[in-house]
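In what comes next, chain A is part of two complexes: it sits with chain B in the first one and with chain C in the second one.
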Partner chain A sequence: MIYEVFRQERKGQAFQHAGSFHAPGRDFAETYAREFYGRRAESVALWIVPRDDVVAIEDFADELGRTYHRVDGYSLKGKLREARERAGNA
Partner chain B sequence: MPRADLLLELADDELVLGWRNSEWTGVAPFLEEDVAFSSIAQNEIGHARALYELAATELGTTADELALDRRPDEYRCAPLVELRRLEWARTIARHYLYETADAFRIAELTRSADAELAGLAAKIEREEVYHRMHAEMWVGRLQATAEGAARLREAVEELWPAALGVLDEELRPGWTEEVGERLGFPLPSVPALERGRHTGELEELLEEMTAVRRSAPAGASW
Partner chain C sequence: MGARVQEFVEYVQGGSQVEAGDWLPDEYRAKLIKFIEMHGNSELMGVLPEREWILRAPTLQRKLALTAKVQDEVGHAQLIYRVVEDLGKPREQCLEDLLSGRAKFHNVFHYPTRTWGDVGVIAWLVDAAAIISQKALLKCSYAPYARIMKKICWEESFHILHGRDVILAMMLGTPGQRELVQEAVTRWWGPLMQFHGNPIPADEDPMLYWRIKSQGNEEARQQFLDGYVPQILELGLELPDPALRKDPDTGRWLYTEPDWEELRHVVTGHGPRTQERLDLRRRAREESAWVRRAVLAEAA
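Then we have the complex of A and B:
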């Protein structure tokens, strides 16, 4: 079974994907995760997840080109400047 | 037993087993295990180093001299750790037998009145916990199939006299009972292969292990 490992570098930080490995079961996965991602003090915590339990989504429909949904849909900078001018504190 | 002798027994066991386990590096049954087993080997050698350092202070020498410059008959390791790379079931059997026996020995040392020794034992134990977890899960995995169980049993029976030699007679019964319960089959009633005599394989190991040391007696730098 393949396990995906997520690693937290410092307390409070977000977990980030560290890598993956084969292991015959949970106990092996825990041991291997410790060896691969924990023994050099590079992590303060690990999440170990069987790959099959990861819900993956890769299809995102945007048939009508609604760019205003996207973060690059319009320039926030310009709008922010105008708003500030209107408020008189540019 | 004088403290230095005790330290050398422990250190020699850890060094020689660490070396033997490291012989799996690159050829373990699968990649993940290769990394895990190599890492255990490294830990054992690390423990050996700490133990040699403690012994060296007492004997007025250095850890390197103790680890690498003695004659084969001066090593105090148990025959169990000397056996050259065994096939995987035997490797796991030795790993399990050694780690569980070592746990008894280390537990006793953590209760020692000698604060330095007790402190080092406690430090070592914090890593040994993971070695035992590793050994336990492999025993469980072998026992999960008829073939694995048969191979493990055969391996334990073969190694048993040597395994008995790891602990002194005081600690032996408690450990034997625990192992018997865990493995679930009767352990052979045989005399122990005691510490003090060596297998022919130790000399060959030392020859290889000390090659760099002998080629640069003044010390090599990397």
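Then we have the complex of A and C:
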């Protein structure tokens, strides 16, 4: 079975994907993870996840063009200029 | 070339990276597999010359350090074979191709380790040459490979430290010890100069075209010479190339043409220790087969 490993380098940091390895079960996976990513104190915590249990999402369709969810849905520049002009602050 | 491949080439040449799940041109995938597989093979075979000295290490501390280095390198092989596997070639197949002699591994791992001086020279200079190649892979267009290279380079820097420490201890020792280091440096210089490969012009190097590597062979060698010739000479060691010198006008190192015929001969399975080491690897695989069977049966 393939396990994916995520490691945290220092307390408070985000976990980052570190790599993957083969292991015949959880005990081996734990030992391998410690040996691969922990034996030089390079990690303060590890997450070990069977690859099959990782749900990957890679397509983000936006058929409805819902720009109000995004920064590009709000163009303030022109409006701001106009509002300043109207207020006599241009 | 199809439009899709063209677009891909522009994408990677622009410095962008791809992931395992992305669409990859067949030629790119094939080049990646071949290159990365050879890297994995080299890590795995590369421990054998050093392994010979674990039992003969001069102190317990050195024995532990050398064992840890060997463990690191085997760990690198595991990580690298995983990358190859996700590209479509199973690890079992890689091992089979290695053991049957179909696949290659780096030239420096085909040579004997005659003395403890060799152990120092390998950890110091062979790993130094290797880390230069590996640093040029940190920006590899194939992101999963680039990511594990970060960890590998970090560990290799420990090995160089270990190697320098071994060498310095010997250089501070008896004339006999200094002689061992000099003899090893002299013997390894040829293979070290061949290590980065013959100077392919950058625009003809497919590894650069696909941005698998970010540095040409000659650039890597120049960087090695720049970094390490001064370190070797300052210890009072000599290098066996009378033509070796830095051109003050161009800043480039000049040297006697490395023996490319020897390189070709060695990596195609005719090195002084190639067959012996492959035999050992085959035997180890057979003798440990029951462990794999037992563990996998229990897991099933």
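Criterion: the second predicted complex is superposed on the first by the 62 of 90 C-alpha atoms of A that agree within 3 Å, B and C clash if a C-alpha of one lies under 4 Å from a C-alpha of the other, contacts with A are read in each partner's own complex, and residues count from 1 in each chain.
As a convention for this text, contacts are C-beta pairs under 8 Å (C-beta built on N, C-alpha and C of every residue); 3 or more make two chains touch, one makes a residue touch a chain.
Values in this document were obtained by computation on a predicted structure and should not be read as measured data.
K.L.:
Should the superposition on chain A be reported as showing a clash between chain B and chain C, or a fit?
P.N.:
After superposition on chain A, which the two structures share, chain B runs into chain C.
K.L.:
Report for A:I2: first if it touches chain B alone, second if chain C alone, otherwise both or neither.
P.N.:
The answer is second: A:I2 touches chain C but not chain B.
K.L.:
Report the partner of chain A that touches more of its residues: chain B or chain C.
P.N.:
C
K.L.:
Which of the two partners, first being chain B and second being chain C, lies in contact with A:E58: first, second, both, or neither?
P.N.:
A:E58 contacts chain C only, not chain B.
K.L.:
Between chain B (first) and chain C (second), which does A:H17 come into contact with in this model arrangement: first, second, both, or neither?
P.N.:
So A:H17 only meets chain C here.
K.L.:
Would you sort A:T31 into first (chain B), second (chain C), both or neither based on which partner it touches?
P.N.:
First partner only, chain B.
K.L.:
Looking at A:E42 after the superposition, I want to know if it touches chain B, chain C, both of them or none. Which is it: first, second, both, neither?
P.N.:
The second partner, chain C, only.
K.L.:
Where on chain A do the contacts from chain B and from chain C line up?
P.N.:
21-22, 24-25, 28, 35-36
K.L.:
Give the list of chain B residues in touch with chain A in this complex.
P.N.:
Of all residues in chain B, those touching chain A are 30-32, 35-36, 39, 130, 133-134, 137, 140-141.
K.L.:
Across the complex, what residues on chain C touch chain A?
P.N.:
For this pair, the touching residues of chain C are 21, 71, 75, 78-79, 82, 86, 91, 147-148, 151, 154-155, 158, 295-296, 298-299.
K.L.:
If we count contacts the way the header does, which residues on chain A are in touch with chain C in the complex?
P.N.:
That would be residues 1-2, 17-22, 24-25, 28, 35-37, 40, 42, 56, 58 of chain A.
K.L.:
What residues of chain A sit close enough to touch chain B in their complex?
P.N.:
Where chain A meets chain B, its residues are 21-25, 27-28, 31-32, 34-36, 39.
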